[in-house]
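The two complexes that follow have chain A in common; it is paired with chain B in the first and with chain C in the second.
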Partner chain A sequence: MGEQKNVGIVIVSHSAKVAEGAADMVRQMVGDSVPLAAVGGNADGGLGTDVGAIVGAIDKAWSEQGVAILVDLGGAETNSEMAVEMMPEERRERIVICNAPLVEGAVMAATEASGGSSLDAVRATAEELMGG
Partner chain B sequence: MADGGEIGMQDVKAHALLTNEVGLHARPSVKLTQLAKRFESTVEIAIAADGPWTDAKSPVKIMRVKAAKGETLFMRANGPDAEEAVRALVELVNRKFDEE
Partner chain C sequence: MDQDFKRRLIGAMADAVIAHAEELTALDSAIGDGDHGLNMKRGFEAVLAEADTIAAKPLPDALKAIGMALVMKVGGASGPLYGTLAMGLGKALPAEPTAAEAAMALARAIEDVKARGKSDAGQKTMLDVLIPVQAAFAANGDDLATRLPAVAAQAADATVPMKAIRGRASFLGERSIGHMDPGARSSSLLVQAICSVFNEA
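After this line comes the complex of A and B, so read on.
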């Protein structure tokens, strides 16, 4: 028990607007008890994802309990994997990329995280969405 | 006394009418889940007195319950803080999830 920091959530979309909107939904529905960062768009401001920006988002949402990343399409996942590989080794095992829809997954993962759940539990809740 | 070994560990039950406009919609579901997670006891809800029961600590499952305004939400809890849990849930529903 006690107030320990909750698992952080990172939202990675090809679109800055989607990322921002998904983060807005998490904030409004779940509140501010979960570290949250959202990134979208490539370095030129177009649609795409940027490894450096994802690294920055992981840093921003970092929690000793770990970070769960929610992604949209293919490149978001591969670039997120690359971003994880660029993180310090002791952090890598505490970062997971969830196999879940971006918006619903982010809200569900954040809800689970807000109750102080472990990284495994947060990921399981997000991925439960894929179970039909 | 047939189930479990511990004396006093039996279901605490209650129910409350959903009077908020949207019923157990997305945001109320999140609030209910967050509240349920604060308790050690198992906490479940249902839209009929005899179930089926849904784990109130699971946001994904609660989101799928889809109870509307005018429906009755049944709660049951089992554990050391079961009474507090059920009372808190009833109060949340009666407060219209603090949304109105």
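After this line comes the complex of A and C, so read on.
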């Protein structure tokens, strides 16, 4: 587990392999300095996303500084929003879903987070990729 | 609403989705990621597995339980969308609603679905069936359970020439035109299933 002082990163993909691969790339950049969790696949192990697993990933990557979620396609975003709403109220405002590409966004967000940046700064760094 | 009636409603909805799973998947393969039928089948199989427990609950709690099962099991965007619809109905309905109360509850639940999907009418989604069905339901009159399935089927057909704005189908842009929206079709199937139980009553 990472240090609680840095923002946590959650990767949500339709594919378990994409999620694992993106998490490997994040680890290569930031090591264990950022709490990280990655989930992919539906409840049957096929392509899709699983709200319960996303809730578990947010718990795993939880940091008092908050958690930034990176998603791939539509259902990952909708299911992540649902997962955020299922979290305890005092946590919800410290969780953001970034409007950013999954792999690049996760690496950029984690790099920003590893320097101790705030949740807003982490999100902004990931979302800058969309402006390029 | 008694337990047996709720049990039959659950059975009819699940049967309709399961029986049409391949058709829904084929529709979704044309313009989406081809998982709608399987996802909805998985969700409704989970609901069916708990049908007796769910049917024993008061109507609002039963709907919340159905919504939660769909959210947790469907695995695609349709899980949160149908889950939000069912949970929204559960929040808005009294235990023994009149038709007018049910129509009003459906209107509120549709607003929840719009917010969840960041979508609205005319974007080639389930809303293009739910909105006209709610309007016909609210207008009331005779033979609702006979008329609403026809309204739903026509509304689903009307999504064929629409261009998708939301969801995976929107990636196709103009190429989404000419196919029925799978979410519109599954909504139409659920309306038909619910009305068939009311027609038997």
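Things worth noting here:
Heads up, the rule we're going with is that the second predicted complex is superposed on the first by the 128 of 132 C-alpha atoms of A that agree within 3 Å, B and C clash if a C-alpha of one lies under 4 Å from a C-alpha of the other, contacts with A are read in each partner's own complex, and residues count from 1 in each chain.
Quick note on the criterion: contacts are C-beta pairs under 8 Å (C-beta built on N, C-alpha and C of every residue); 3 or more make two chains touch, one makes a residue touch a chain.
Treat the numbers as computed from the prediction; the structure is a model and nothing was measured.
Annotation for the three-chain superposition on chain A: chain B and chain C fit side by side. Here the apex is the CA centre of chain A, and the angle it makes with the centres of chain B and chain C after alignment on chain A is 150°, in steps of 10.
In the superposition on chain A, A:Gln65 contacts neither chain B nor chain C.
In the superposed pair of complexes, A:Met29 makes contact with chain B only, with no contact to chain C.
Looking at the shared chain after the overlay, A:Glu128 reaches chain B, while chain C stays out of its contact range. With both complexes superposed, C is the one of chain B and chain C in contact with more chain A residues. Shared-chain residue A:Ser13: touches no atom of chain B or chain C. Closest CA pair between chain B and chain C after superposition: 26 Å apart. Here chain A touches chain C in the complex through residues 14, 42-44, 46-52, 73-75, 78-79, 81-82, going by the rule given at the top. Contacts from chain A toward chain B in the complex involve residues 28-30, 107-108, 111-112, 114-117, 125, 128-129.
Here chain C touches chain A in the complex through residues 33, 35, 38-39, 42, 71-81, 83-84, 116-117, 166-168, going by the rule given at the top.
Those residues of chain B whose C-beta lies close enough to touch chain A in the complex are 26-27, 30, 33-34, 37-38, 57-61, 63.
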